[in-house]
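Look at the two complexes coming up: subunit A is in both, with subunit B in one and subunit C in the other.
Our next item is the complex of A and B:
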């Protein structure tokens, strides 16, 4: 594999991996705190991306404003789905499959509302057009200001979330809830409020991920859904409980999707059409052989369940 | 406005009803009766459709005594014409091919279901099975789509004709096909009713309610789970064959997670654990599907900007949420099983009628 291709694919790995980390942390957090594998998470991403697109189309091209709008819409989508769907179900001691099905249903509703809207206003496959500048150029490797937005923003947000979980009262309460919700209630943690905050945070981060994603490719109603299983693969690599593991998992998934796939394509002639199968193979392999993922390497720090 | 032909609409709805019933009965046996969360139902349905895609292009010409033409690439048109000719002129070849397709599909899909069920033994948590099946279905879809020769990757295979195509008249051929679909669905229904009431069925329900207790009673639970996955998957594949024949088209894009969700909506709507519920759910969704198609076309023709096909999915999501929240048992909730033994017990407990006592 030529070195130029390798560097490009590594840049892609970092860029996509950072976005996957941002999304996968949300899935890990929802699963730990709310005990819910939330498939609608993908569609908070799409909703955030559309919010960002609409703001950018209205003429505001400041990435910070765009991302704030995406955060708000993503957070609201998550909070609404919690208040109207998941919370009423939680009280009734339903099976996990009911919750999974409901999350599919929520995702379906959000996705097709976006479809209706995109169809009506003709908003398919538009890029969030923040002005592009080339920062670095070396042969075929081009780094634009996009890279400078996507990667640091994702990494900063991931760090902020980790600090929030480990260093603030809210984070402590969330971890308590993740560890033992009955006990958390007994010692007087305001469970409902903590849950609401967790949902706002999870949805908001998903929304920002959507905005960043839409800056580098294009916005369409299926963008989140198309990535959901890659993101789940990352979260599963983190054992659905470890933050550090999930972040590492996100980069591993992105690395296999970009660098490994390109390597297989170049050296063994594996068709690039098989690329979407990679996260699936990761999920199946991890669940069958190492359901704890990377967790046992990270017993300390950033873990939601110990 | 378009004219709605009531006869044709009824035939279309009943055909869909038959096909959906097979899928819903299959999921109901697996999840409703045995508690296996099959979120990969689209996979087993797709096996049926892919089998049809392969047999109708490779086996059918051989049965008709002709050389087969490669169905993809430059010879695509020629192969398509060959298929249509055979279906129009040699009904016997068509029927034998259909029977073969149904058989192969059921065997392949059943075997896959049997194997997959053993995966559960290795999983740490039960719900991982849902994820593994979901992801497994998508993996198979991508591999089939990537394999150029199997069913022509992205293009798919068209003109997988209905077995009654030779009748010439579209109305009577679709009527006959409708009868075939409904008949198969009713056979599957009768079979699954029998199965549910049998000792095996009752053991599956026990397994669903409490795995440890069932194991404690000395029942071989992994084999039972494998058996019900075999039966369910085989039925789903029959649905897949008919699905392909009905649309006349085999394309990997039809077998995405949305299809799995559709089948779940049918079962949840009708009533989890009740075979009659599965039929009811399938019927309601068939009607809703046809209604959205007609509404979408009507709206488009009247110049409306709203794409009604999207509304269908929103409606499905809302139906699912409402059912799960307000009627988790479905429209026809599962009723306690009555067997002959129950009947005897009930009679023994009831006081004898006064007239007989005297």
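Our next item is the complex of A and C:
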């Protein structure tokens, strides 16, 4: 594998891995606090991307404003789906399977609302209108302004989330809820309020990830769904309970999809069309050999433990 | 008493009218026109727009039949192919088993058409596809008719010829991994190498991919390996085409070679992004796509479409309109019978001039008139300009 190709693939790994991390953290948070593997998460990503697209098409090209709009729309989508679907279902004490199926349904509803809107306003396969340009170039190492937005934003949001969980009363309440929801209720934690905040956080992170993903690719109603397997693979690698493990899982998935895939293609002629199979392989391998993922390596206070 | 008589008389009159109406309805014959298109997936927007084109054709046909006093009416039965071969097979099965339809307009892509083929052939259902062009579906005697868009055996020759004319001694090709992309790849390599072209490095991407940075890196490395005389050929679907250009625009190798590409690269969305437009302009991007001529029916179709749906028709929507008209005209001539429609459809097609091109079918039931335009991006990236034509039937390129 030529050094130039290796360098490019590693840059891609960091950039895409950071995006996967942003999306996967929300899945881990939802699973830990709400005990729900939420497949509608992918569609919060798409909703955020469309919010970002519409803001950028209106002429606002400030990435902070664009990401704020995406955060708000993603957060609202998540909160609404909680208030109108997941919370009433939890009240009826339905099984986990019912909740998973309902998350598919919520995702479908959001997706087809986006389809209707995109069809009516002709908003298919457009890109969030922030011009791409090279910021740094040294030999084969090329870093774009998108890299400069994606990686620091992801790192900052991850740090902010970790600080929120460790250093704030809300974070402590979320961790308490993640560890034992019954006990949390007994000791007087306002469970519903904490859940509402958690959903806002989950959707907001997904929305920002959607905005950044929409700068990387083209925006369409399926963009979140197209990434969902890679993102779930990252969350499963993280054991669905560890933030640190989830972030590491995101970079492992991105490394496999980019660097390992190119290595296999260059040295063994493995077709790049097999790239979508990599998350499947990771999920199956982890579930068969190490269902707890990286959890045992990162059992520290900063993570949400089941 | 008088009041009761009036009520009784009115009730009797209503019964008589209802009976007459039922009798009239019994005399009417309804032909079901199946519509199998991708209403979801990344081609959902095409599917929905194509369905509108078909609905317009059906509405106009029914209006004409009514004013002519005909007892035949058409109605549509739609199902989503989900943009997959399996989905297309399911869609066809659903339409046929629930409505008894004998003729289905669609599906969209060659992969979907091939997915639906077995069920169509085994059950005598006729498929009238409007945009499929992959050579893999060029099969004589089957139930598939591709009445508007010619197979890629023609355009692949044009692409190979242009690559050689540009002096590309080697080529790097990125293609979607499905019947269309694989067919174009094979045809292109055969034509390119048969006429003196060198090595072709081909990379496939999965049809559902939306992020193509790995593929761009691989293409860039292959181009760098070939040196200055290599060219790049992109055979991509919409969406993936934009995603590829997005990552390619900062790649020093990809932005220093000439590009060829299929018409998915020429969407309006592509040029709306100034970076994409400039990338294609710098790459001296050239595409070969079917010449859409303006017939007397074209402006009428456009106006009627806007009047009915309050929006402009999308790209190729008129192809769906034409395919539906060919299907309905054949059913009017042959009846609602798959075998009769299969036998009659080439005759009707060959006498049909619609909104874009004259239909004329070859022995495979495919469009035989291969008339293409060669277009490139204007230097300022503002649009595509026609720089020549390609006559696939005589294999002749003519530049302006």
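By our rule, the second predicted complex is superposed on the first by the 300 of 306 C-alpha atoms of A that agree within 3 Å, B and C clash if a C-alpha of one lies under 4 Å from a C-alpha of the other, contacts with A are read in each partner's own complex, and residues count from 1 in each chain.
We take it that contacts are C-beta pairs under 8 Å (C-beta built on N, C-alpha and C of every residue); 3 or more make two chains touch, one makes a residue touch a chain.
Since the structure is predicted, the reported quantities are computational estimates derived from the model, not experimental observations.
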Check your understanding: So if we stack both complexes on subunit A, do subunit B and subunit C clash, or do they fit?
Key -> clash
**Study point:** First, second, both or neither for A:64, with subunit B first and subunit C second
**Key:** neither
Exercise for review: May I ask you to decide whether A:133 touches subunit B, subunit C, both, or neither, giving the answer as first, second, both or neither?
Suggested key: second
Check your understanding: With the two structures laid over each other on chain A, which partner does A:9 touch: subunit B (first), subunit C (second), both, or neither?
Key -> second
Point to revise | Partner chain in contact with A:115 - subunit B first, subunit C second, else both or neither | key: both
Check your understanding: Looking at the overlay, what does A:273 touch: subunit B (first), subunit C (second), both, or neither?
Key -> both
Check your understanding: Is A:291 in contact with subunit B, with subunit C, with both, or with neither (first, second, both, neither)?
Key -> first
Check your understanding: Of the partners subunit B and subunit C, which touch A:94 in the superposed model: first, second, both, neither?
Key -> first
Check your understanding: Just subunit B (first), just subunit C (second), both, or neither: which does A:163 touch?
Key -> neither
Check your understanding: Considering 24-32, 42-50, 132-140 or 150-158, which region of subunit B has C-alpha atoms that clash with subunit C after the structures are aligned on chain A?
Key -> 150-158
Review point. Where on subunit A do subunit B and subunit C both make contact?
Key: 115, 119, 271, 273-274, 276
Revision key, fill the gap. Subunit A partner, complex, touching residues on subunit B are 31, 37, 39, 119, 122-125, 127-128, 130-132, 134-136, 138-139, 142-143, 145-146, 153, 257-258, 261, 264, 268, 305-307, 310-311, 313-314, 316-318, 320-321, 324-325, 328
Exercise for review: Spell out the part of subunit C that touches subunit A in their complex, as residue ranges.
Suggested key: 40-42, 44-45, 48, 177, 203-206, 208-215, 217-218, 220-221, 224-225, 238-239, 242-243, 246-247, 249-252, 267, 269, 272-276
Check your understanding: Which part of subunit A faces subunit C closely enough to touch in the complex?
Key -> 2, 4-5, 8-9, 12, 15-16, 115, 118-119, 122, 124-127, 129, 131-134, 142, 144, 213, 216-218, 220-223, 226-227, 257-258, 261-262, 265-266, 271-276
Revision key, fill the gap. Touching subunit B in the complex, subunit A uses residues 37, 85, 88-89, 94, 96-98, 100-102, 104-109, 111-113, 115-116, 119-120, 229, 232, 236, 271, 273-274, 276-277, 280-281, 283-284, 287-288, 291-292
